[in-house]
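Order of writing sets the chain letters: A, B, C, D, E and F. Residues in each chain are counted from 1.
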């Protein structure tokens, strides 16, 4: 059965496509996304408080490497198969190597409503995976030239809204622990799915505005927006299995790998690789990959995770 | 009350540039600026302000002609290729308040 | 005893009349009204999932007819008794034939705090009653001329914010069912009265700004704003009884009939009958009828419903 | 950098017209426009932006004189009777960026 | 459609003055005004609109030269010393709609 | 252990100092502060419903006097020790004689997480303490001259957002009583700490913008911003003890005394004493005193209260 929060996404998308007057004010979108980012961070932080940090190090290093790797796979595909110019290829690659917080939240909701457990420290991996592909995208576009203003790029990348809120939430959760946070639970945890529903409504509205660009930019982008996440999901599944994650955890990692950024990466690319056309990367990541993942991909990644854990365990 | 004829440079561009342009304006000797949130349409299509990546800002700088020219030239050279942007100037009369109209303290 | 949410309305009205600096940003008003419309839709949708659709058909047809009828009664009253011009009469008639979501919510809260049951599918009737009077208002103003751009009017009427959110909520609730929605209950259902309180605070502030216009436009409008809802409430009571609704359901239907639109109708009339003066219809519906219904009308409609069910049942 | 003297048409009117006017501006060959949210006071009384029905928008269109005239004439004929609205034009110099200042792609 | 050349007075100042200035504008015979929210920088430093005390408003008044002068003079005398504020005027042509451009009903 | 909501303040402050792109839209700040003010008022109002009003009269008169007194102590200190001009001294004195709702909320959270009881009618004292120092500040700046437009000043002071919402909340809570409010409890009470966390995040961001001004205006202001609340806290402790408040109540009163206004006072001073430089008062109250109270002061005032109740009781 389809998760009700997905229905909010569809409602937004349909309303947008029919050019309804429905619109969420930008301030409301900001409010909701701030709450979601903090909630996800807090939840992960609580978990960090529970386990020795050092046991997580291998996973942390692995996902950073995964972020670099995925952008390095995407780049030549876009450049030589898709015939995009260097800047566009690098920018799209950065989006696909980085992660989408909305997609992550939907995957977690999917597991939650099926009562499937997963490693609760996933938000830590989420925040770690946001940045590497963005840096790689800048290198791919600019080379490692001296002129690149790494200081201001670092500022842009590490002090963007989503990294600050996720990391801040993680730290607060970690310092305060589960008991400390009990007083803010009703706001940040009990309401989470409600905020997520509104967020998806707005994402549907935004997605609808991307369809026009897609028509212009042709079918390679559509194909890439579906095949790339499937490939990344497969890699993520393999890595999750290799790291010894549970089925749920493997599926979440696959989803992270498969998801394409639409908050951190667009902002950073716009400033650091301005010659890349933002329409291309947003049309792909929001117009294709986000709905694909949310509607179809997540169940597939779950099947992949189950398959990996049975086939490979048995093999 | 003495008045002074000068220029108002208006820049309409992507919100993502706000921090950057504020820094550049300082560097280019604008003694002040005013920013409002905007949406719109132009060569780069509709920018409906539904979320950050499609939001515009509207920056106004009251300054002398030379400064306006310098800022416009700089923006043209560095930003106008890659960003949704329109620039225009008009004549204004800044009313000379008790302090000089555009001198930093 | 007065319901505390009504006190929020009074607080807003008093603050507004005293010209306090209190002001809700428009984005906050939008946020709150989006949440309320979705909540109401969802609640109705859950109920739809529970009963065979076809049993509701008679009620659905009846309320659509009621919407048409009420505007047809209001129009000549305004035109010949009130001596308003054609466009103004048509526009005000559309407002009074359509419904007010805020008034509906207060009626539901009234029943809730008295633990009186009512048919939970009422939001379906609510959304059905929004549109007919608006269409009738346009016909009354324009005639059925060929020139009228019905396509764009249909777009305006059926894709306005409130219809989309109510209908969308209904569909989501219907598809997901009560279990599916349990994860978003804390947001959309537990917080409902809190959001409603803030909404009423803002409605109080807005109502206060309408008082000035009323002074200008004289006592006919004031009288109409009180007598019309009483009449409509009576018709609604009769219809509710005839349809076999419970006492609570009869009272809700009476309130719907008595309520005057201030979201859907103003927007649609402004675009489709621009020569109508929006000050008149808003002054009446917001400045008189909304406070009248909320403070005095709702208990009256409840008394009517009780009376209908005892007197008529006994008769 | 070549400049071109042209007109800036400013329209201040009711928010409810936004979708309609955007469509009309396209139809009337405006190659772009910028919209900001506003509130104000005029013949139709105070419009304080507390909610949609009392909100204004402020639309700017940089265009040549003929287009400005055509848009203004059209709005006057079709909207100014029934909507709170004020229209004015001023002279501006659009800075010729790398692309022509108002040519659709 | 008859046009009339007149002035546009633009005032950029602190949000906290909104109610006060609206009252003063009425008193000084402005037949209308338009307000938008703004942020900016000037002699009084950065005003980033994060909260009320650091928010600006941008007020526009279309009026004849005398009224513009009267308003500007009044503001200079009473407010410009103590509040972040910049004032400027420009020439506009108000398009004469069916009603006179600035006559109260 | 540090309260987690304090961590949100630190997150905001750090993000602000590092010039992160994190920003809360003004509409969100307004929304959150409206909810907090109403919640605090409602909570106090419920308590008022429980006890005879007349028993509170002595406390009410005492805190009004305290507000006047504190501004009268601060003024000469600033004028002669700090060498500020008359207007600036009067304005800063008004800020420090008035109260900060955010600081109050943190103090209440401090007691709550330690399960220490306090007199629940404190919001009544809070709202009573907002105004006197503001009036005194205006008198100190202007004298009692005939020309002062007291009517418009009264309007500004008594109809400002925070007084209206606190007072309105008090009245609603008082009229509705605990049972009446149960339906809005989930919104206004259960979410309180969550809203407070977001509010403190924003306060951190705003505080960070004040640091620059502090550097300009020197160390007297920094010293004043720390010593004045300690002094006021001591006076508040004494008064609380003298009034027979519990330990918790004494500590809350001390915190109120020690806190400096940054909502009501800035707005009123800006209009009524425009020649005062708002940068000075905000830098002190927000840049120094708010963080000092929230991080260090509150535990000190608690210690003071305990000490007063043991030493003086024993003495």
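Definition applied: contacts are C-beta pairs under 8 Å (C-beta built on N, C-alpha and C of every residue); 3 or more make two chains touch, one makes a residue touch a chain.
Keep in mind that what you see is a predicted model, and the values were worked out from it rather than measured.
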| item | value |
| --- | --- |
| Any chain in contact with subunit A as well as subunit E | B, F |
| Between subunit A and subunit D, the fewest steps along chains that touch one another | 2 |
| Most distant chain from subunit D by Cα centroid | F |
| Distance-maximising chain from subunit E - centres being C-alpha averages | A |
| Same or different contact residues where subunit F meets its copy subunit C, judged by the half mark | different |
| Subunit A-subunit B separation of Cα centroids, rounded to whole Å | 35 |
| Distance between chain centroids, defined by C-alpha means - subunit D, subunit E (Å) | 19 |
| Interchain centroid distance [CA atoms averaged], subunit B/subunit F, Å | 39 |
| Two or more partner chains touched - positions in subunit C | 21, 23-27, 31, 186, 191, 267 |
| For subunit D, residues contacting two or more additional chains | 36-37, 81, 90-91 |
| Chain pairs that touch, as defined at the top of this document | A-B, A-C, A-F, B-D, B-E, C-D, C-F, D-E, E-F |
| Partner subunit F, residues of subunit A touching it in the complex | 25-27, 30-31, 34-35, 155-156, 159-161, 164-165, 168, 171-172, 175-176, 180-181, 183-184, 186-188, 191, 267 |
| In the complex, subunit B residues that touch subunit D | 10, 12, 36-43, 56, 58, 72-73, 76, 80-81, 85-91 |
| Of subunit A, residues touching subunit B in the complex | 23-24, 26, 29, 202, 205-206, 209, 212-213, 266-267, 270-271, 274-275, 278-279, 282 |
| Touch list for subunit D against partner subunit B, complex | 1, 8, 22, 26, 31-37, 62, 90-95, 97-99, 101, 103-105 |
| Of subunit B, residues touching subunit A in the complex | 14, 16-17, 20, 37, 45-46, 48-55, 79, 81-83 |
